[in-house]
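Shown below is the structure under consideration.
By letter and in written order, the chains are A, B, C and D; residue numbering begins at 1 in each of them.
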């Protein structure tokens, strides 16, 4: 099978020390937290509004936060027990609901739609919306919005993103190996919802066991195939995946559906299968805990569990460690041990403390431009941004940047390119809103 | 009367080795002024057109009017008048006013004060062996000027993003850049014979 | 418990500026060693003088202007070494030092230091020396034989073996083609540079030489062309960004070199050719931009 | 942009704008003698143009004033050129068109602007002479520096064969770089005027 390519890209922590080695063969274990604090802003769009009060008893899967606005997403209780606190948003802290686990593991009454193969395709989307799905790859785009296709557009192909190109993470890998059937059911459901003819599971070639498992599950399913991709970051970026798998580009400023493609994370697909066949909302996800912890693990963690509790279970961390939610290339840092596991966090990676090296002047070596998967020239954009010429930076494409961090990774002068672009995009967006 | 090798030498000389900006120092200020490539090309083109026209007019006046009448000592005044004439012609027919963004009543005064390339070209046009060489000098000199303006604008765009020491910012570093480019263009000496 | 917080990415490629510069220095070692072997002590002294002067000038400037001391990035050493290798072994030491000081001070630091210069410092310094002291810069000595001076190392015919081993009169680092190629292999193997510029420069020289009726391979093998194609034209700061612009730039460098050799009044044109192309780099970068994902070509140009 | 600068530079009377106007002089100011002669010609042209201006200004109609300025400057430059070509024919030939060119641009830049001229006519002659003298000194100094360092001689007298001059300084690249350095130096000397030369 063809190993498709996209532009640029890097091989962070390549080879034996890819960071994935410690957890790639570890089966997923269930983690049971003592308490959870579920934030209301795990998705793109307006935060959900809490509909429970402190002192109330909730069961697993019970709606606790209602979607607000077009890009809103429902939030459900991930453990059963007593609501101890409903915190409103203030000082940059999001609104959240804290629940004390009573370990009774009680579920609310579930309302399945039916089997993915034979249910009413019209009922799939409402089920997904009710289940509170948002993209599990990290960006947190509401799944029902992604699957709501505007009139006139046709989705020809559904791509399941099993690339997992980020360093360290093995959660999607383990999901595909252990539950390929569930993942595939999600794909079939999505294809039926769109009446799409083709479904492709795209997997990097460093996960042969996942490929084998998915191929086995896809056997006999019409229109479904498994595609091998070169192992290169950011293979799993939505735009890069579409370029590699479908051979087309998403037009600038548009969504994948404008290229006739919808991309779903494998984790999201599994959640779709649960939502349709079992009526289960999204209340837990697989998290890879690795790096400088005593026992690296793949855990199935209820949403809202604190990072500190998970890390303690894995052997604890040294003081002042750096705890990254996600992979090394794009993952943000957890400020403290109270940070919750969200629908989008595929991993908790622990690093020792250590300042980033001091940036030195750019030597225009062009390595950043060579690895940019979008075809941008990062050093020029940075030059314009640093000399306060935001307009010039915009002209050469800073708004097209996907913040993958390849340029920062590559830069021999250690310049903080991607964070610079992140801030510049924020400023430009703020200016546009003013107009 | 027209020597092919000589014309070639003249073309190369005017464009590269004897460039109005890099070796004749005619037009340092306008050539070194513009940061934006597009703006530089626009202004440079407008000035180049006037310079070429001035050189042709001045050369024609010198060889067809002043020389026969033995009035060659009026060369400088004629050259300046040619610039004035060329400027008014260009302004009328080519709308250079908008290109140069002049809105000042004494635009001519300002233009000459800034760009000695105009008077320089006109004087040079009158200094050649005959009218043809004078006219060619004007045209290729103007083209060379345009080349210099565009080259310098490109370099200045880069300098604008650089961490130039405070005392050298602006004109000094532009002059040093022009000096380095002139150093490079010395390699073309000898071209065309 | 509070955690340590920083911006992603949390891993960085092991290649730093210093590592890249070190790669260049290592790539220069064979050519330098061969030069010293062929020409003896004077060559070594010239190399030492130019390198030391470059490093010292950079150090002094940064100290005097209260800028962070960055001599440890080795870029000044590279400049000094490159300049020294393009000088004739008979060059006076003060001249080598003056050239290196000019390179660092005027061409590099006046523009803001590393990464800001638009012209290759070593080459600009060589051009300065060439037009300032032409006699001292063209006194080429044959190795071995005592002081047979020849005006131009281009004009004579040498055996292939001599050419490869550097048994010909010429500049210290430019004579041994074999050692230059060894340096090229090292630079490519460590992906310090890409093959684009050296290859296109040699191609440009071959094509132009062929068009002018000269022996294309002879053109490439004579003078400092090979050395410049590998070490000078590939300077990051003064060459276009990676992509088609580099091919264009290389072709221009090669073609101009041969044209200047044949029509110019200086015997070796490679220095001026690359400097001229350096001045054109901002325009090349303007004209040739990579296409951005999801955009049609030329769409963004206002 | 040009117009602002043109009027602005004639309103300010520092050395920097004048030096800018006469940059072409650097092309030929490669020896002390050249610098001296071209500086003297510029001084004479400036003084003459001021004199002419103050004599006839009242009779020039307003719409012709801009043009008159240019004409006066050209006349003064021509006269300076003629004087030099009679007195020093060889130097005049070496300076070529730079002599009238520099004299003309200096005279023009030295003249007050058509609009504020009424207030400044009285002392314009004095100012022209003072500035011209400073300019003369500067060009002579630059010429000497370039002759000594670039050609190993001073006013034509060789400094001996053992001194190896840096010939670049006598050529165009050296002239441009030297001009840049001198400008930077001037700026350092008159820090308050720093912004003035910046326009160009």
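Everything below uses one rule, namely that a residue touches a chain if its C-beta (ideal position, glycine included) is under 8 Å from a C-beta of that chain, and two chains touch if they have at least 3 such contacts.
Only a predicted model underlies this, so the values are computations on that prediction, with no experimental measurement involved.
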| item | value |
| --- | --- |
| Between C-D and A-B, the pair joined by more C-beta contacts | C-D |
| Reference chain C; chain at largest CA-centroid distance | A |
| Where chain A and chain B are represented by their mean Cα positions, the distance between them in whole Å | 61 |
| Computed distance of Cα centres, chain D from chain C, in Å | 40 |
| Between chain D and chain B, distance of the C-alpha-averaged centres to the nearest whole Å | 19 |
| Geometric centre distance via CA averages, chain D-chain A, whole Å | 69 |
| Junction residues of chain B - those touching two or more other chains | 163, 168, 173, 176, 180, 183, 186 |
| Shared-contact residues (touching 2 or more other chains) in chain D | 168, 171, 173, 177 |
| Residue numbers of chain A (touch at least two other chains) | 361 |
| Chain contact graph, described as a line, ring, star, complete graph or other shape | other |
| Chain-to-chain touches, reported pairwise for every pair that qualifies | A-B, A-C, B-C, B-D, C-D |
| Residue numbers on chain A that touch chain B, as the complex places them | 361, 383-384, 386-387 |
| Chain C-facing residues of chain B, complex | 37, 150-151, 154-155, 157-159, 162-165, 168, 173, 176-177, 180-181, 183-192 |
| Partner chain A, residues of chain C touching it in the complex | 1-13, 15-17, 19-20, 70, 73, 75, 113-116, 236-237, 241-243, 289-295, 300, 302 |
| Residues on chain C engaged by chain B in the complex (per definition of touch) | 65, 106-107, 109-113, 115-116, 118-119, 124, 127-128, 131, 256, 259-260, 263-266, 269, 271-273, 275-276, 278-283, 286 |
| Touch list for chain B against partner chain A, complex | 160-161, 163 |
